[in-house]
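Quick one: the structure is below, questions incoming.
Going by the order they are written in, the chains are A, B and C; count residues from 1 in each one.
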Amino acid sequence: MTSAANSLRLCLRTSNQITSRLRTVQRRQVPLARRALSTSQARWVAKEKGKDDEDSEPPELKYYSSFNDPGEALRNRLKDETLSEDDRATITGMLEEWQLLPQQKKGDAERLKRDINNEMSDLRRIINPKRDAFWNDSDEKDTDLITDEFGEDDFEEDDMLSMSHGKLEEHREAREYARITVWEMPLLSQFAKSFQPPAKEDCLRFRYTTYMGELHPADRKVVVEFCPKDVPGLSEAQQLKLKKLAGPRYNPEKDIVKMSCERFEHQAQNKRYLGDTVSKMIETAKDPTDMFEDIPLDTRHHTFKVKLKYPKEWYINTKRREELEALRKQSLLLDEQRRATGGLIDGVSIIKKNLLAAVEPEPVMELRGGPRSGKMRR
Amino acid sequence: MASSRLGISTALRGVRPSSRGQWRPLDQQFQALQLFNDPKSTRCLSTDAGSFEDFLKTQQDQAIQAAPGINLADIVDFRNISYARAVPVSPSYFSRQPRFNDSYLALQKLMQSYGKLPVVSTGEVERVAWKSLVEFRQMVGERVKASDYVKCLEIIKRLHRIHPELKPPIFVEAFQAFKRDIQPFTNKPNPIRIDWVGRALGIGRRKSSVARAYVIEGNGEVLINGKTLADAFGRVHDRESAVWALRATDRLDKYNVWALVAGGGTTGQAEALTLAIAKGLMAHEPALKPALRRAGCVTRDMRRVERKKHGRVKARKMPTWVKR
Amino acid sequence: MSASNCLRCCLLRPSVVGRAGATAATAKASAAATARLRQGMPLAAAAAASFSTTANRGANQKPKPGTKAAERNAPPSIRQGKLFTIKKKKKNDSGARVKSPLPGERKAFRKRILLSNTNALPVPGLTDLGAESMLDPSNVCKVLSLPDDVVDQLRADEAFKTTQCWSMFRKPSILIRTETVDLITRMHAAAKTNKTLRLVLTGDRVTGKSLMLLQAITQAHLNDWLVVNIPDAQELTTACTEYAPILDTEPIQYMQQNYVLKLIQAIKKSNEKLLLKLTTVFSHAGLPQNIPIKSPLMQLANSAKEAEGAWAVFQAMWQEMTAQGHGRPPMLLSLDGLTHIMRISDYRTPAFNPIHSHDLALVRLFTDHLSGATSLPNGGAVIAATNRNNAPRNPSMELALAQREAEQLGGGKDVPQPQPYLKGYDERVEAVLRNVQVIKLQGLSKLEARALMEYWAASGVLRITVDEKSVTEKWALGGSGVVGEMERASLLTMRF
């Protein structure tokens, strides 16, 4: 998302540098034949002193005149000897029309031309490189070296801090996007297309990846999915063979073959490859010479997910309720019967009873005679 | 002076006062002043509180917008008035905490008029979370004394105990300033419903286990992840704790349980099931809640593994002391 | 103690001693004491020298103040802390040396089976099993006890296991389940028509497979069948008894003479009455002893004295026991731990190739009868029980049993099929289990559980009132009435 926005911002940002670069390129278009191998520096032919300066205005170009006065331009054309009869007639007609035009209209046209010329003059001016500039930079204004680097960056308590500038920049950016959202995004609706569900014979589903204009190694990847059942004109046996051909790309749970390709440089190439492979597979599946009947379908690559089902027989309905009712009644009856007949067995009371029975006095060994007993008694 | 004030107040008009600021917002201070052209009709300073309605009104006015600017052209005979001066709206304007004092006096007045009404016992009162001192200070922007605030809250709580049917509607507004913005006691979990086939789905958690248990009337069968209790838990103790909610209430032979449990270890899963089954059971029989609480099946055990700290071997264990 | 007491008496009143007639030793001691007394020795010193183990302290024995002895004997002052002394671990110097158990004693202790507990209460109204009682469906959900002579026979068969809780009750008793009646009915039907019942008992852990086997053996003994029981098939295949190839067999088979000797002795002991009654009908060559025709089978069995030749005796006995037309009784051949004989054994050929379990002669005998390749001519049953604890995975056996079970339920489509790419299927195993009957044991019904719990409570090992509530509770805790789990949940816990 951010990368997408970023790229959008980069595209939309007006670039001043481009024009200036163009200019420099234009300016350097001096043909300079160089030898293939040369260690010496190229030098220009020495100019005669006092002849035209480098900074002097370029000579007026010829084609400017056609904009100045159309009437004059047409007349000049007529002077040309090589014109054909038809052209001459057309130009004469145009000249007459021009002369018939009222003076005010003529003035309008001239003003328009003047404006255009004014606008264009900057672009048309030939800019010669400044040799003495520091970086050969055309933008360098300070030829007299008035600016002094010393103390240039000192903070004079008259500006916001850099963090504030950063914040301001953030605001500008946000507002720029707000403008785009309001003014330009709605225009995208012109490109909206209505959704066409795929037709019955479009059994292949392709998936592409885009990173919104960024380069990414994965954006060339294409994935295709199809269900062997949907492939037109395949019998059951052929479908099975197609599944076997697909190998681990076949998902038996969803009954879908899924293949991908990122082998080639471009998305289209990868898609082409996939399409070719699928058609080759279908062709092979239709080939009756070997139907792979001896090979069972291999699903070892897939782990089937066990879906636990709530037992339906537990659902409470009238039948189940009666059943439960009967069970409970039966168990209650059983308990009651046992209780009535004394058959209900209570582990605790049984143990207690038996322990009591066990405490009956047992014959105790008596000590008889002997000096020890005698002493003890004493 | 007056003209500059007017200028500022008009400039600030419509800007909501920020209650978060440390200081009293400027416009508030200016709004409290009002221009009277008839000095004889008003009290200059009064210690007697006005009625609560007045107070509320002024409070609202203050909160919503600045005082209207004065158009001198509207005043018919401005030049004939001998003098005009600003008189504070609230008598406690010159005290240190005017807003708090106003509200305190208003509450006292409410107490005088409604304090004799019958009250309900503390257990039956609707639970309300009142603002803490810090929160209240932030709201009014004054340094309210703690002891004063305690007194104020005492009155509020006493008034709040008045029987709900006899409570005058004015209380709602009067208490609003003292109630916390978010009332945790109004947060009620969604009641578990019994679905069309008669089962109630309870969800329980313990450590890192989550259990979903469908409790349905039946004859004591328990299936956990499609397995019987014995297959699901090797330890008898875990089996017992899984169905403890049913055992503790003697309902094991009345219900069937079909549960899904995931995550954590055996103990966690078993005890997550306890909670899940208890919740499902409570959906069927809400009256069992006290019994289940006594059996320890209602509260979620929030204990987790304590994190390891740096400088320690485990969460608490220190490394062995070594002499150099 | 009494001696010193005596001494005190005699020292104080020497005249009493002589009159009371004390023992010679006492008299001697008293005489010595009096002699010392006459010599003027201190009294206490004399007493200390001969008897007392306590430190002797006396006024006349006071050590000189300042000496170490004085410090040692002085009562500890309050300021002085308790002195910590490390005692040296004393070797057992009591004189009696601890005897380490003799070889085999530990194993005997481990394998010991206690069938009675005098502390348990006798259950009133407990009746013994009769020859027909396990056939009677009205006996389902009843606990009946094993008759004493059958108990002895079962003990000889090693049908009781250490993991079963026999030692908690007064008398070994068993619960009759619906599956029991089913099994026993099938056995009887087979014996009546001189056919062989071939059956496998299977089921989850602790569902009572071994106990069901015990019930079958009990029934066989009660009805005077010949019983050959292999109590633990693990012993045959885990390479823990000696083995030797049998000559002239193709493919070569192996006999386990030591085990066979043990088995012969078990058969002898458990079928004693029958073996004495039955007589030989064939003459056998190659036995360690010449057994003439018409001598009792017991004599034949007795001829196996050593492992040498035990296999030959066993073969001869088998031939005699399965002789047709000589009034031989039906026979039960049973085995516990089927999983162990359905795999490749741990034995190796001389070329160090693994030996399949079915190439062991004794196992082969059993599997042939189980598969139906050979049958018991006088009728009877071949019953095997699978085991789940300590059991190796055996996909082909599991599959075969699942298939048989599904077929018995009459499911045409639901019969599980082998996985085409799974390794480890064994064709020989599948061949053996191709048409056997299968009884799959599951949990008890609630009524059965109730009967069992009533028996437990009446024996005084279960301290609860056995009603529907408690039965359901234990039934659920035991995983829907799995009998072993119920036992764990109610008998083997420390809580009551």
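By definition in this document, contacts are C-beta pairs under 8 Å (C-beta built on N, C-alpha and C of every residue); 3 or more make two chains touch, one makes a residue touch a chain.
Only a predicted model underlies this, so the values are computations on that prediction, with no experimental measurement involved.
The most distant chain from chain A is C, comparing centres defined as mean Cα coordinates.
Interface comparison, B-C versus A-B: the higher count of C-beta contacts falls to B-C. Chain A and chain C have Cα centroids lying 72 Å from one another. Between the Cα centres of chain B and chain C there is a gap of 68 Å. Taking the mean of the C-alpha atoms as each chain's centre, chain A and chain B sit 45 Å apart. Shown for chain B are the residues in touch with two or more other chains, namely 219, 221, 253. Counting partners per residue, chain C has 468 as the residues that reach two or more other chains. Looking at chain A, one finds that residues 331 touch two or more other chains.
Chain A contributes residues 306, 308, 310-311, 314-317, 321, 324, 327-328, 331 to its touches with chain B in the complex.
Those residues of chain A that touch chain C in the shared complex are 296-298, 300, 331-332, 334-335, 338, 344-348, 350-351, 354, 371-372, 374-375.
Contact residues on chain B toward chain A in their complex (touch as defined above): 197-199, 214, 216-219, 221, 223, 225-226, 253, 256, 258, 260.
Per the touch definition, chain C reaches chain A in the complex via residues 2, 5, 9, 20-22, 121, 420-421, 446, 454, 456-458, 460-468. Only residues 204, 443, 468-469, 472-473, 475-480, 482, 485, 488-489, 493 of chain C touch chain B when the two sit together in their complex.
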